[in-house]
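One structure is given below, represented as structure tokens, and several questions about it will come after.
Chain lettering (A, B, C and D) follows the sequence in which the chains are written, and residue indices restart at 1 in each chain.
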Amino acid sequence: MSDARKRMVARAARDIQPGMTVNLGIGLPTQVVEHLPHDMQVCLHSENGITGIGPSLTYEQADRNLIDAGGAYVSPLPGTAFFDSAVSFALVRGGRLDLTMLGAFQIAENGDLANWKIPGKFSPGAGGGMELAQKARRVVVMTTHTDRKGAPKIMQRCTLPLTAKACVNRIFTDMAVIDVTDTGLVLREVAEGLSTTTVQAATGANLIIPDETLPRF
Amino acid sequence: MSDARKRMVARAARDIQPGMTVNLGIGLPTQVVEHLPHDMQVCLHSENGITGIGPSLTYEQADRNLIDAGGAYVSPLPGTAFFDSAVSFALVRGGRLDLTMLGAFQIAENGDLANWKIPGKFSPGAGGGMELAQKARRVVVMTTHTDRKGAPKIMQRCTLPLTAKACVNRIFTDMAVIDVTDTGLVLREVAEGLSTTTVQAATGANLIIPDETLPRF
Amino acid sequence: MKLSDKTTAISDAIDKISDGASIMVGGFGIPGTPFCLIDELVRQGPKNLTIIKNDANETDMGIDHLLKNGQVTRLITTHIGLNARAIAMMNEGVITVEFCAQGILAERIRAGGAGLAGILTDIGIDTELGDGKQQITVNGSPQIVETALKADFALIHADQADTFGNLAYVATARNFNPLMAMAASTVIAETEALVPMGQLAPDTIHTPGPFVDHVVELAELTKEYAVVRR
Amino acid sequence: MKLSDKTTAISDAIDKISDGASIMVGGFGIPGTPFCLIDELVRQGPKNLTIIKNDANETDMGIDHLLKNGQVTRLITTHIGLNARAIAMMNEGVITVEFCAQGILAERIRAGGAGLAGILTDIGIDTELGDGKQQITVNGSPQIVETALKADFALIHADQADTFGNLAYVATARNFNPLMAMAASTVIAETEALVPMGQLAPDTIHTPGPFVDHVVELAELTKEYAVVRR
């Protein structure tokens, strides 16, 4: 993983506040947990039916019946609870999930998210992603700023099938931290060594760039 | 309780088949349990969240947290399960309740049941009665054949607000056992000492009376 | 990582409830009714409350204290036959009572907790309870739209809780409690025993902690929790 | 009174499943998947099955054996990304796949088990998953009608069961199992341990016995139940 992506993951971890219940999506978001303070008060949820997830386990340590939704073997904490899939998504849709961090194929400037289907190429089903995107109290996305061909993932409108409309609050990329606001995308932080001009050039939608010096990560 | 009502209760108990899951409503139906064979395989359900109810307890023996829906203190059996009110009625509406025995104010010849409200006099709410009446696989009613003034409770049409339409399969009274069929009310059994003419005279709807000698109870 | 501590003094927890609040209250008969939380609600005295509860307890018990104290304007319930005062107040128009079929009240609360807008059921169709409700056709059959119920607060009685708010109920004291514990903006649970974190087996927790906001440990049980001779 | 004995030989239980049956299968990934019941279903070979399952397991595991054996015509699921064969069969039109949002699949199954006609939700609105579904307005907001799912059979994996069919699941092997165990006409549960009546504490039973028709005690677990190195 590039250094910038590692710093993105570490930066994203700082958005998790004590006392939150958080769902970390498969892929980059899962790595956020490694950057949380050891004694932090945070309750991790996984949609296959756990709250209070502890650290991941090696195959030797693993309990065959205890995985997260991404299939990783995890451990319980004192206070872990197990429940069925209906209760698990009741927690998500009912407003008890404070934050979810998700991957993305495309994000539109109004907060639309596409991350589940590329017609003709990738259609495995949405899993729990739609409900996480539509119903978590706060939705942040972690993604490379551009795709493998260098094309922007942040754009005026998504061209792929949507996961949920106007759901994204904040975007973490290897280039920037961007907030989705009522007036548009606001650039909040920039990766070390990049200019705001470079970030704008790699973005398929207009960025509102505040006058003050932006923090680096 | 009159001797005929006692015999009605004992007769009704014989309709419970081994392996059934059964809900016995408040009042006369509750007494059916006293007439079941001691070692009978039957699972009693109560809508406040139990299957596998055991015998009632005295106040000295009672567990303050273990009542049936009528407020009686009951005991567990080996294999009793406790669950919440949503699961309890899922069992009823989902088709897993083989039989319910309910009280009645009025029963119509098409099986309509009224047992929850007497406008202006008695409107405490339906509780779980509507779902039991509408969704148990088999609904039998236990009632005195006439009200305190001698007026028939079995009639062509109910005049009181309905609990559920066309739900009753069988009626046990202190005078008779009557089945609700597609062609009308069929007299199946008659209480000791009564003539079929007497039963018909106390009934507000036409009874189909088979030619053969009817069993007595 | 560790889980947060939600233990709260009973007065602080109930102090969050203001005039006009809607409040779900657990219990079916005596078991599972949070009598101590109700007593504190009577002591603090907020008014114009909407109470959502299976029953109205009995005269001089549980939410009857709220009725007697004039704190309730509306009751959503299934059966109030054991409380003559509730029936009298309903008949006199002092309180508004909305009756639901018991399992439908459970499902409406559960739907609220599950973030659904409602459920579709044929229970109560062609009866007074179905009157005036939206109906739609699903697979050729008429179905009533029963809307989800949410509330500002839920008052819950648990047998055991840990400091994070994981709850376990006992016997028929479970009833509506786990459903209501999902369906309110602020969930206050009283518990007979506050146990150390990790003591509740993760497979046997009935309400996971993230649904619960405040855990109130009961110092002692009032006599209303006891076996009643009738 | 006592409770009946529902223990059944695995071959007799699965023998009830005929061509064209709809079958709910528990599990989310490996945990909670009834691999032994699936193996017996492959051995007996009924065809034209509709499978309702969160996922399609992985290639050469679980329901993939049914796909490989040509027994499945329709799959109702949420995500099949770990089974390349399932994706290929879908793309080639050999099987029909209906995708649901994961929690909505759970709710549709639960609604089936709860005897409801469906639920009302805004999940998937303005997305492909909402296309073509009935919508109604509830309290001013558009809601999708998601119809209840029932099945002819449910195949369930329990950690412990008694002979009456009271079931307890462990850790994340619970997932869809308790929902499916309410939603099928005939419920067949395999169990790792068959325990004496009364050994399961009544407060910790996840699926009450009346929902279950057949209890199959597993003599041993196949290797598919084990930890997988990836």
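Throughout what follows, a residue touches a chain if its C-beta (ideal position, glycine included) is under 8 Å from a C-beta of that chain, and two chains touch if they have at least 3 such contacts.
All values reported here derive from a predicted model rather than from experimental measurement.
In this assembly, A is the chain whose CA centroid lies farthest from the centroid of subunit B. Note on interfaces A-D and B-D: more C-beta pairs are in contact across A-D. The distance from the centre of subunit A to the centre of subunit B, with each centre set as the mean of the Cα atoms, comes to 56 Å.
Put simply, the C-alpha centre of subunit A and that of subunit D have 29 angstrom between them.
Annotation: 35 Å between the Cα-based centres of subunit A and subunit C.
In subunit A, the residues touching two or more other chains are 82-83, 86, 89-90, 92-93, 135. The set of subunit C residues that touch two or more partner chains comprises 107, 110, 114-116, 121-122, 170-171, 174, 202-203. If the chains shown are joined wherever they touch, the resulting network has some other arrangement, not a path, ring, star or complete graph.
All chain pairs that count as touching, in label order, are A-C, A-D, B-C, B-D, C-D. By the touch rule above, subunit C contacts subunit B in their complex via residues 28-32, 54, 77-82, 87, 90, 97, 99, 101-107, 110, 121-124, 126-129, 159, 170-179, 206, 225-227, 229-230. Taken together, the subunit C residues at the contact with subunit A in this complex read 1-4, 110, 112-116, 162, 164, 166, 182-183, 196-198, 200, 202-203, 205, 208-211.
Within the complex, the subunit B residues that touch subunit C are 46-50, 59, 62-69, 71, 73, 82-86, 88-90, 92-93, 117, 123-128, 130-131, 134-135, 161-165.
Residue ranges on subunit A touching subunit C, taken from their complex, read 18-19, 21, 33, 36, 38-45, 51-55, 76-83, 86-87, 89-97, 135. Taken in their complex, subunit C has these residues touching subunit D: 107, 111, 114-122, 134, 136, 138-139, 141, 143, 145, 147, 168-171, 174, 201-204.
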